[in-house]
Amino acid sequence: MIRVENVWKEYGEQVVLERISLDIADRAFVALVGPSGCGKTTFLKLLLGEEQPSEGRITLDGQPLAPEPTPERGVVFQRYSVFPHLSVLDNVLIGRDFSGSPFRGRLGRVSRRAAADEARALIAEVGLSGNEDKYPAQLSGGMQQRLALAQALIMRPRVLLLDEPFGALDPGIRADIHVLMKRLWNETDLTVVMVTHDMREAFTLATRVIAFERPRNAPADRVRYGASLSSDIAVWPPRVAGLTDPDSTPYTFASPGGDDPAQATGPRRDDPAPPLAGAKP
Amino acid sequence: AAEKKDFKVAWSIYVGWMPWGWASDNGIVKKWADKYGIAIEVTQFNDYVESMNQYTAGAYDAVTLTNMDGLSIPAAGGVDTTAVIVGDFSAGNDAVILKDKTSLADIKGQKVNLVEYSVSDYLLSRALESVGLTERDVSIVNTSDPDMVGAFQTADVTAMVTWNPMVSEIAALPNAHKVFDSAQIPGEIIDLMVANTEVLKDNPSFGKALVGIWYDTMAVMTSDTAEGAAARAAMGAASGTDQAGFESQLAATKLFPTAAEAVAFTTSPELKGTMDKVRNFLFVKGLLGSGAASPDFIGIELPDGSILGDSANVKLRFTAEYMKAAADGAL
Amino acid sequence: MRFINLKPSRTTQLMLAVLPFALLVIAYGVGSVVRLAENPSDKLLPAFASLVDAINRMAFTADVRSGEYLFWADTLASLGRLGMALGIATAIALVFGMLVGMFPYIRALLAPFLAAISMVPPLALLPILFIALGLGETSKVTLIVIGIAPIMVRDLVLRVLDLPREQLIKAQTLGGSSWQIGIRVVLPQILPRLIDGLRLQLGSAWLFLIAAEAISADSGLGYRIFLVRRYLSMDVIFPYVAWITLLAVVANVALDLLRRRVFPWTELGKAT
Amino acid sequence: MRFINLKPSRTTQLMLAVLPFALLVIAYGVGSVVRLAENPSDKLLPAFASLVDAINRMAFTADVRSGEYLFWADTLASLGRLGMALGIATAIALVFGMLVGMFPYIRALLAPFLAAISMVPPLALLPILFIALGLGETSKVTLIVIGIAPIMVRDLVLRVLDLPREQLIKAQTLGGSSWQIGIRVVLPQILPRLIDGLRLQLGSAWLFLIAAEAISADSGLGYRIFLVRRYLSMDVIFPYVAWITLLAVVANVALDLLRRRVFPWTELGKAT
Amino acid sequence: MIRVENVWKEYGEQVVLERISLDIADRAFVALVGPSGCGKTTFLKLLLGEEQPSEGRITLDGQPLAPEPTPERGVVFQRYSVFPHLSVLDNVLIGRDFSGSPFRGRLGRVSRRAAADEARALIAEVGLSGNEDKYPAQLSGGMQQRLALAQALIMRPRVLLLDEPFGALDPGIRADIHVLMKRLWNETDLTVVMVTHDMREAFTLATRVIAFERPRNAPADRVRYGASLSSDIAVWPPRVAGLTDPDSTPYTFASPGGDDPAQATGPRRDDPAPPLAGAKP
């Protein structure tokens, strides 16, 4: 379980996040939404260990988070998540290379062949079979993100952090990758935290949708007040990893869960898509 | 310095010093080094100044330079230096050249291009003296020696002082007139092979080897044989010209082909007068070191043991000892 | 924690920055003491006191012959040449950079030629330069310009070619002519890069200045260095070299500041 | 149609590219004829026949002194020095570029120092260099290295800093140590840039090589140019300069090809 | 009316587009959809005059298209459509600057003041009032695209070409800008051709949706066969510029219009969004 206790984050003068308290259960799939610039990426960086909270603390299973990125927390960014100089296969294998060869950073022939089998399986899993020898620049955006997923998954991370991973993809490809994502989440022992701009995506995938908002957004206040949790919505009917049919259809949502510290309000902007038209505030 | 076996000699490309390269190429250096059981490494410099600097800083045991630079650079730099070989003096190799004008007095008021603080500067001051002018009557533009020939062909250059091979190149240009040259101050611009006094004192065989090499080479290159011609051709090629070009430069050089002639020149009383002129010139230019209160600041020892200047600070020594040994066949 | 993630604090940063300079000074000091112990009039690594002496003599005592303060006269002469050369090179880079970068015809004409002449070692062609331009200031300034302008032009051409094609198309749909696009779209966007290009060439420019002054001059920092080199007066050379380095570093920083001031949008771009 | 949109055909392109070179040759020819008409022994712009003569003499006739073909011996000597210097500078740039670029501590320590020393004019410090290293090949190679390495290091540091931060984070989540990230993520991505950096410094490298050979050497292209400069033997200097330029241009193209061959993914990136 | 007659486009060996014939009526709003890499952008470049057809021809009102971009055809790209070195106001004014000042490329004080009033009105129109002095880098992505629209509109183009103009925006902002786009199209005498990846966007805005597809997409065929028109769908009930309420709600679509040269097939990938679930193939 990830526990976030009264976390603040400031950059110099500017308060970006304030009073964030949150528990994320094991195998939860949390979608993080909120207006641009409200600190979603910053929050993910805190979870990742790339940045440290200015105040408060974050624990994983009761242990303070390592203050730098570690293999137990995988990540996929919107862009630049794969290495342009490595082929698809090498991109997936590099995690194994790192753990298996401290000095050369590359496995020997024999152990690499074994690892390559595993990598190929993962590549097939994300639907990239046959592209093993291509470079990322030869893949479409959607394929690159699939590759980034496979690359992260080979480390079997406890937590997978996604920062708008599908934001740059077209809707058809995005739908495919959603199906993939659900399957991976169901089959793997994985807690997922995903930042997205897309409400529909949030409700399609997540077990829980958390919104950040800056309560005071006047230009004069931008520096002195940060964003905080404005709503926390458990998706209904509840999805449970490995149990529910991942493609169970119409989504709606229940009232906020018990651990919601803030009064729930609706998303800042109503998404124009019909499924949200009936959202309860 | 203690006794040692390995010695380093620097020489730079100039007509009077080309024999060093040829001697090195043709095994004469090795022959004499072997004879004394030492090793001598001969290094060629394109850049005369750098060769003197390296010697002054202690990277070389011996170097080729002129009497004037010997006083102002190593001696003024605190390196006690002995002239082992007096090879030649300039008899026309250095010259004052005017464009369009034919008389030296016309130099008044002109800009003169020369290598500042070099023998050219000295030659100019002697030339000006001869027509009753001083350096205040001209202005000096420092110009690097390899660029003299090109520089003379530019419109704003009207007067130049330089040395060979540039002198003969420039003199061949239309409008160029040699109005004064070193033949008019014979014996004042002397080309030397100098060595560190301490090294020499502890290793007299090094000095003997140098002299041996030099006069062996002289014997070949001044001979009228095919071998001599070949040597002169090789030296011409090494200095960037051919045999004829090299021989024309030699013609403006009073080379001492035998040790006896060199000894006679070195021990003549004129040397003292020359060095006195030179040190006064350097003192006026501020080149005897910032601590020099008078021309006497640095002592110059002459072959007869007499000392010009401060006998407690002797840094430049002329000696005929080694050349005499060669003349006497006592090497 | 990985070394890659360790960040020094402000103070540590400052101390670390000073360290190599301090070490250099100490190494010099030790070397100087050792050499002077061997030969008290050694000139290669003069004692600090001699350096101070030399600075005093050059910068704060009038020269007996000319009555000038040589250090400052040299600095003025060199900076004058450098400034003029940099100005001319910048103008050339701007004009040719834009022409070659914007127009395929001119690019076809000049790009290969530029690539070739940027490789010509200018020092080897000095005689031609002298005879064409004389030995005065012109040829010194020209040497610097020839030395740095081709590289600056090529840099700027690349920069023009880097402009998103979308911008040029957009400008055309807004009715811009080639000329208008040049002065309103391309020029303002490459000016900041021009300043950066100039910064990158500062080192070379000094190099050519010194080379030019070594060949023929009667004042200037390079002139003095080569003149006193004849006597291995390192007590003068070291302060002059340090001074040249300082001037170059200051110019570097000043140009960077200038770019930030004059083109504030270049910094905005980086922030996002 | 706007000039900006006009693209020359393949043939036109070729003709345009040749034009400036042709003009240069013609200008030379005319200048030479005019000067020689005035003074038949003028040496500044020798007739083409004299150039051919000189080439014959230098490249295809054995030298009386050494029995060598001077032109080729000079070329070999210079290329040897240049190659070694470029190799060393590249290695230094690689190691320091990565260290300074990747590690904030090392950056704090060395970045300001590098900025300063890249501005030191190396020519002014020649005596120190020669005395410290002797006059052999070492000091010539070192002069070139000192002249170009600091700039290459700084270039590479910028390149490392340009790597998307996301990549380094990702590598860490894959369990990479600083060392592993260095050799598997950073190194392969900056190698192509290193080659480009080397190309940019080729001109400077030749410059320093020529300067070093001008001081002390007994062979080399720069040595020969300075040797015959005293006689204003432009008939030798022009072919040598043209040859140096050609060698540099070829090296430039060859390095670019090398990059494309060895790092095919760098070209993929551009295509998208 | 824009008439595209049997247009082919080849880059060297590669055939990108083949046999494209199409009439676009005045004041139509055409959405161009199709899989990635099928040549949508290439087609837009042909309309823009940035590229010339390898075969066939394109006419505007019977006249051949100018072979380079002209002010009668405005354009907005996904990125790089605005000039980073100009303030918002200057970005909009630059079109006027070009037409009013051939030499300086910048209007004099007096005429510039008049033009600035017009520009401010347009800036207000696209909802950017108050940002006149900011630089593009200080605007969000959505605001930058609004600015690009205003910049194009000041030239009063006959045709507006949009290449995934809203692809990089988040859904909330995109909905806002859709409303704006509809209004502009209604109020201005404008024919719009828009490339999009988003089916919903296509059907929200367009009067007509045209799909490109490569009939042979096997790797071996990629070079030799290009994309062609695979379906051409008139949106129903028909939207007419300036007549219908732009926000009239549920969209559905009719069978292909009469000028459809190809047999209509559904979009290549079914968009998972409910509105399209009932799409007729």
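So that you can tell them apart, the chains are marked A, B, C, D and E in the order they are listed, and the count of residues begins at 1 in each.
Basically, contacts are C-beta pairs under 8 Å (C-beta built on N, C-alpha and C of every residue); 3 or more make two chains touch, one makes a residue touch a chain.
Please read these numbers as outputs of a predicted model, since none were measured by experiment.
Engineer: Going by the stated contact rule, which chains contact chain B and chain C alike?
Structural biologist: D
Engineer: Which two chains are joined by the greatest number of C-beta pairs in contact?
Structural biologist: By number of C-beta pairs in contact, the leading chain pair is C-D.
Engineer: Using the average of all C-alpha atoms in each chain as its centre, how far is it in Å between chain A and chain E?
Structural biologist: Taking the average C-alpha coordinate of chain A and of chain E, the gap between them is 33 Å.
Engineer: For chain A versus chain B, what separation do you get between their C-alpha means, in angstrom?
Structural biologist: The answer is 82 Å.
Engineer: Return the distance between the CA-based centres of chain A and chain D, expressed in whole Å.
Structural biologist: It comes to 48 Å between the two C-alpha centres.
Engineer: What whole-number Å value describes the gap between the mean CA coordinates of chain B and chain E?
Structural biologist: Spacing between the chain centres: roughly 84 Å.
Engineer: Scan chain D for residues touching two or more other chains and write them down.
Structural biologist: 2, 5, 44, 127, 131, 172, 177, 229, 232
Engineer: Give the residues of chain A touching no fewer than two other chains, as numbers and ranges.
Structural biologist: 68
Engineer: Could you pull out the residues of chain B that touch at least 2 other chains?
Structural biologist: Those would be 53, 57-58, 147, 149-150, 153.
Engineer: Which residues of chain C touch chain D in the complex?
Structural biologist: 2-8, 12-13, 16-17, 19-21, 44, 102-105, 108-113, 115-125, 127-128, 131, 151, 168, 172, 177-178, 181, 200, 202-204, 206-207, 210-211, 214, 222, 225, 229, 232, 234, 237, 240-241, 244-245, 248-249, 252
Engineer: Would you pull the chain E residues touching chain D in the complex into a rising list?
Structural biologist: 67-68
Engineer: Can you list the residues on chain D that touch chain E in the complex?
Structural biologist: 1-2, 5
Engineer: Using the touch definition from the top, list the residues of chain B that touch chain D in their complex.
Structural biologist: Touch list, chain B to chain D: 13, 25, 43-47, 50-51, 53-54, 57-59, 145-150, 153, 165-166, 169, 172-174, 230, 233-234, 237-241, 245.
Engineer: Which of the residues in chain D end up touching chain B in this complex?
Structural biologist: Against chain B, the touching part of chain D is residues 39, 41, 43-44, 63-66, 126-127, 130-131, 134-135, 213-218, 223, 226-233.
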